[in-house]
Amino acid sequence: MHASTLGATTGAALVAVADAVESAARVVAETHGCEIRTIEAIEGAPDVDAVVICTPTDTHADLIERFCRAGKAVFCEKPVDLEAARARQVMQTVATTGGRLMVGFQRRFDPDFRALKAVIDRGEIGEVEMVHLISRDPGAPPHDYIRRSGGIFQDMTIHDFDVARWLLGEEVETVMAQASVLTDGDIEKLGDYDSANVLLRTSSGKLCTISNSRRASYGYDQRIEVHGSLGAVSAGNHRQADIELATGSGYTRPPLLDFFMTRYTAAYAAEMTAFVAALSEGGPMPTTGEDGVRALELAEAALASVRTGAEVRVGEEVPA
Amino acid sequence: MHASTLGATTGAALVAVADAVESAARVVAETHGCEIRTIEAIEGAPDVDAVVICTPTDTHADLIERFCRAGKAVFCEKPVDLEAARARQVMQTVATTGGRLMVGFQRRFDPDFRALKAVIDRGEIGEVEMVHLISRDPGAPPHDYIRRSGGIFQDMTIHDFDVARWLLGEEVETVMAQASVLTDGDIEKLGDYDSANVLLRTSSGKLCTISNSRRASYGYDQRIEVHGSLGAVSAGNHRQADIELATGSGYTRPPLLDFFMTRYTAAYAAEMTAFVAALSEGGPMPTTGEDGVRALELAEAALASVRTGAEVRVGEEVPA
Amino acid sequence: MHASTLGATTGAALVAVADAVESAARVVAETHGCEIRTIEAIEGAPDVDAVVICTPTDTHADLIERFCRAGKAVFCEKPVDLEAARARQVMQTVATTGGRLMVGFQRRFDPDFRALKAVIDRGEIGEVEMVHLISRDPGAPPHDYIRRSGGIFQDMTIHDFDVARWLLGEEVETVMAQASVLTDGDIEKLGDYDSANVLLRTSSGKLCTISNSRRASYGYDQRIEVHGSLGAVSAGNHRQADIELATGSGYTRPPLLDFFMTRYTAAYAAEMTAFVAALSEGGPMPTTGEDGVRALELAEAALASVRTGAEVRVGEEVPA
Amino acid sequence: MHASTLGATTGAALVAVADAVESAARVVAETHGCEIRTIEAIEGAPDVDAVVICTPTDTHADLIERFCRAGKAVFCEKPVDLEAARARQVMQTVATTGGRLMVGFQRRFDPDFRALKAVIDRGEIGEVEMVHLISRDPGAPPHDYIRRSGGIFQDMTIHDFDVARWLLGEEVETVMAQASVLTDGDIEKLGDYDSANVLLRTSSGKLCTISNSRRASYGYDQRIEVHGSLGAVSAGNHRQADIELATGSGYTRPPLLDFFMTRYTAAYAAEMTAFVAALSEGGPMPTTGEDGVRALELAEAALASVRTGAEVRVGEEVPA
C-alpha cells in the first residue's frame, strides 16, 4: 500500500523494494516498476534518499538505526519497538547520526480527524477537558501476527495513545486500564487481551477514555469525541455506502468499511505526502520518533496497570 | 414532579404532602388538591398506603425505616444514604419489617433505554461485552446541594452505576476511576470533582466505561452504547426540537433538552406506574433497595480508587 | 382522542358527548365522566360554550351552521365540506351569526413544525423559495371511509395544502398534479387514487411539491423541507424508539410511529389548548374557516388538474 | 478533469488534446504529458481509438458525427444537442457509421447511487412506485454559460431526467412542470429559470418529482429517494468533513461539498473506466446516445409544460 501511495505522491519516486519474502518483493517490483534490492544495497545506494519501513515490529529498531547510519531519511510504521527502553536508544542513534525519522501514525492525517483538530485549534470548544476514543477492529489478526505484535496495547491501542496525546495537547501523567479476553479464548493463551478500556489523566487534570475491541460485527469502528469548556466535537465512521433502506423492519444503513486500508486510504496518502514535503522543504517531521516512544510508554503503562491493578505513572519503572 | 406524576397514574391518589419548607408544601397541596400533614400524621394515617420520599439524601435512611415500621410501602429517591454501610442497615429494617421499598432509578424506565434493553434481551447483539455510558449535566447544581450530595459519584454517577449493572447483567467486581475539577474551582474546595471517568469489570470479564461531566454547553447529554459478540446497540439524546437548519455555516440541529425532568418525563411517569402496579398486583419491586445499595458500593469504590490510585474490589473495606 | 385532550386542557371541561353510535357515546361518557346528550340538547344547553365536531366529513357543514346559530363556538375537524362552494356558504353563516370557528389542522401545532416555522419567521433561511412536503400513511383507510372521504386530495393532501399555505406565506395561484393507483386496485373502483404528486406556484413564483402515498411499510412518514435564499430548514419523522442496532447487516433504527394519533399527540393537545385559549382570551382563531376553504379549493384544483391534464388556477370554475 | 481521470484508468492512455483555447490545451498537454493536435489531425490519427468530447453543448452534435465517421469511439458530455430532433439525427449517423457512443451521465456511476440501484434491483423495496430527486447547485453558472446552455432543463435537470429513467425502470409518458426566477433577476432576461419542479408519470402510473434550484447556500445538494411497495431507499449528500460540533447553539455538521467535480470524483472515474471497459471488452455502452436523446425529450417536454401550462406527452410535437 505504501508503494501505491508513493507512486501517487508528487516529489517522490519508488526506486527499489526489499522484502524477506521474495515473491512479495516481485509483486511490488512488477506492479510499481521498481527494482528489487537487498537492504545492504539500499543502504549504499546513492539514488535512494529515504526508506519506508513496513516490516514486522521486532525488526523496526535495528532497521531504523541502520538506515540512519547510512544517511537515509526514515519513515517507519508504528511501533518503533516492542520496548520503550529500546525505542529510546533508537532515538539516541537518530539524534547522534543527525537522522530524520517519521513514525507512521496515519490517523493524524485522516481528513475528518484533521478537521476535528482544526475545530479545537480554533478554540471552538474552548479548553479541552475530556477525550473519548473508541477503536474496534472487525476481527482479530492471525495468531502469528498477535504473537509478534507486543500485545493489544502496543499493536492496536498505540494508535489511540498517539491520538490522545495529539488531542489532549499535553502529556499524560497517569494511566489505568482493565482488559479481558472476550472474543477468542486462544488470545488468552498468547498472553494477550482482545478487549480493553484505558483511562488517561494529564498533569492539569484533563481526562481520556480509550476503548478497544478486536471484534466488531459491523465493521471497522473508529470514533473520536472531544469535550471542552464551550462544547464538544466528534468524528464518526465511514460506511460502505451512504444510503438508507426503510422497510417494516426499520431504517438501515450499510455496515462500516471493514478494513483499515480502505478506511484510512486518504490518511495514508496524506501521511506520505507530509513525509515527502518535510524532506523536500526541510521542515520538521509531522510525527516524530519522540511521538513513537511516548505512545510506547503509554502502552507499557496500560499493560502494567492491568497486571498490577494500580494506576501507573508514565515512564515509571514497572515490575516485569 | 412526583406529585404531578402520581396525579396521572391510574390506581394512585395523592392524599397528603409533608415538607419541611411550609410554602413548598402549600404549593403542592394547592396545585394537586391534597392535604398538608406532618410526617408523624402520615405514619399513622389509615388512608395512606405508600409514601414517596424526595427529601435531601441525608434524611433518606431514617425516613425509609420510619415508614417501613409504620407499614407503609416506600418509594425513595436515590441514593438510599451517603454510606453503603448505613444503607445495608436500612435493608435489614426493610426485611425485618416485611417492608416494600423501591429506589428511584428512573433511567431504567426511559422508553428508549427499555427498547435498548429489549434488543439485548432478545439476543440481537449476542453476549454483552462492553458498556459505555456518557452522562453530562448542562451545569453543576448549587454548592449547597453539592455539599450535602455525597459527591459526584454518589449523586450523579450513581445513575450510571445502576444502569451499568442493569445492562451488564452481572455484578461488578473491580472499579478504577480518575477524576478532576475542570469546570469550577470552587467544587474542589467542597472536596468534590466535576469530571470523572470510571472503569468497571465483572467477574466474567465484561467491561464498562462511564464518563461524567457537570457541564455541557449543548444540554443534558445522556448516552448508552452496548457492544456485544454479534453487534452493538445505542440510545441517544433528546433534542429541543427535531429540526435541522442548513446554511453556509453548515447543518445545525437544536441543542439537547437541558433539564433532567424534561429529558426523563416519560421515565418518571413509567417509574411511578411501575411502583403502583407492583403494589396493586403484589409483584416484585422493579428496582429494589438492593439495587440502591449496590450502586452506592460502586460509588464508594470509585471514590476510593480516585483517592488511592488503586483498582478497588467492590464491597471491600476501604481506608477512609 | 379529543375527549382525552380536552380533559387535560386547562380552562376546559367536557360536559357532554353526542354520537350517532350509542355504544361509542357510552364509552366516552364513562371514560371521561360526562353526560350523553342529543345534538338538539347540546344546541340548547346553557352549560355548553363550545363544541368539537369530529363526525364524518359530509355532516360537517350542517353541524357547523347549526351550532353557530345556537351561539356555540365551534372546533371542526377538516375538511369543512366535500365541496369548496358549500364550505364558502358555511363561512357566510359563521359571519352572519357572529360565530367563532376553528378548523382542525393539527400539524400547525406540532412542536417540531412550529420550531421550523419559527426558524423561517426569524429570517434564518431568508426568503422562502421552495417547500417540499412528503406525507405517507402506513396504509389506506377502510374502503367505506374512502368512499365518504372526498378522495385523497380532500382527505389526505388537505393537510399538506394547509401546511403549504402556512409555510409559503402567500396564496397559491396555480396547481398541477399527477396521480395513480399503485397500492390497491380497489381504490380505483372507488374513483380515487392512492399515490399523488402536486405542484403549487404562488403569484410571486414561490414553488411547492407535495407527495402522498397511502402506503409506507416503514410507518407514518411526515416530512417538511423549506428552501430559502439563505438556507433550508427541515423537520423529520418520529420513530418508535430512538435507538440504533449495529450488526453485520448494517445500522438499523426502528420504524416510524405508525398511527397519526401517536405521531401527533402533542399537536392535538396544543391545538385544543389554542382553541380554548382563543375563546378564553377573545383572540383570533389560530386556524380559521377561511383556512379550511382555501385548502379545499387547492384539493379541488389538484383533482381537476389530474383529470384535465392542465395547470389549474385556484378558485377557478372547473368542469365537473 | 477527464484528462486526469483517463490517466488513472487502466487500459487507457491520453494521446492528444484539442482545444479552441490554446492556453487551455497547453495546460492539459503539460500536466498530462500528451500532444496538442487539431481536431482534423485527431480524426485521421491511427494512434487514437476513442475521443472524449467536453466542449460547449452547441458543438456536441457535429463533433460526434465527425468522429463517428472517422471511426473513433466517442464519449460525449451531456446533452447531445440543444434539440432532441437534432440529437435523433446524430443517433442515425452513429447507427449508419456503426459508431460507438457513450453519453456522460456520471451520476449513474456514483458509488452511493449504484448501491441504491442495487437495493432496488435486489427487490428490497418491492415494486418502484415513486422517485424523488432534489438537485441544487451552490450557485448559478456564469451568464455566458447559461446563454449557450439551452436552459435549466437541458443543462441541469437533464441529469435528473436520466436518473429518473434509470430508477423508474420504464419510460416516462407525461410531464408537468412549474418554474420561476427566484435567485437572480438577470436569469429571467436570458429567458431561463433558476428554480423548477417537475412531475413525471410513466405508462404504468409510476410517479416522480424533480426539484432544482440554481442556489443552495449549504453546498451541492444531490439527493435521491425511491419509494416502493415494500419500502424506500435513499442516498444522501457528501459533506466537506464528517464531523459534528456541539455548542450552546446546537449540533453543527459542515456544509456539503460545493463543486460537482469534487462531489462526483468517484463517479467520473467509474464512468471513464466503464467506457474503456466497454471498448476493450466489446460490451454494450453503459449509457447510450438513446439515453441522451430521451433525457433531451424530457427536458423539452418540461419546458413546453411550463410555457403552456399543460401536461405534455413525451416526444409529442410541441408548439414553439
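Order as written gives the chain letters A, B, C and D; numbering starts at 1 within each chain.
By our rule, a contact is a pair of C-beta atoms (placed from the backbone, for glycine too) under 8 Å apart; a residue touches a chain by one contact, two chains touch by 3 or more.
The structure presented is a predicted model; accordingly, all values stated were derived computationally and were not measured.
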{"item": "Chains in simultaneous contact with chain A and chain D", "value": "B, C"}
{"item": "Pair sharing more residue contacts (C-beta pairs) when B-D is set against A-B", "value": "A-B"}
{"item": "Far-end chain from chain C, centres as C-alpha averages", "value": "A"}
{"item": "Approximate Å spacing (C-alpha centroids) for the pair chain B, chain D", "value": "57"}
{"item": "Whole-Å gap separating chain A and chain B, where each centre is the average of the chain's CA atoms", "value": "40"}
{"item": "In chain A, residues with contacts to at least two other chains", "value": "216-218, 230-232, 246-248, 254"}
{"item": "Touch-based graph of the chains, sorted into line, ring, star, complete or other", "value": "complete"}
{"item": "Chain A contact footprint on chain B (complex, rising order)", "value": "127, 129-130, 132, 134, 136, 174, 176-183, 195-197, 199-201, 205-209, 211, 213, 215-218, 227, 229-232, 305, 309-311"}
{"item": "Residues of chain C that touch chain A when the two form their complex", "value": "216-218, 239, 246-255"}
{"item": "Touching residues (chain side chain A, partner chain D) in the complex", "value": "111-112, 115-116, 119, 124-125, 230-236, 238, 240-248, 254"}
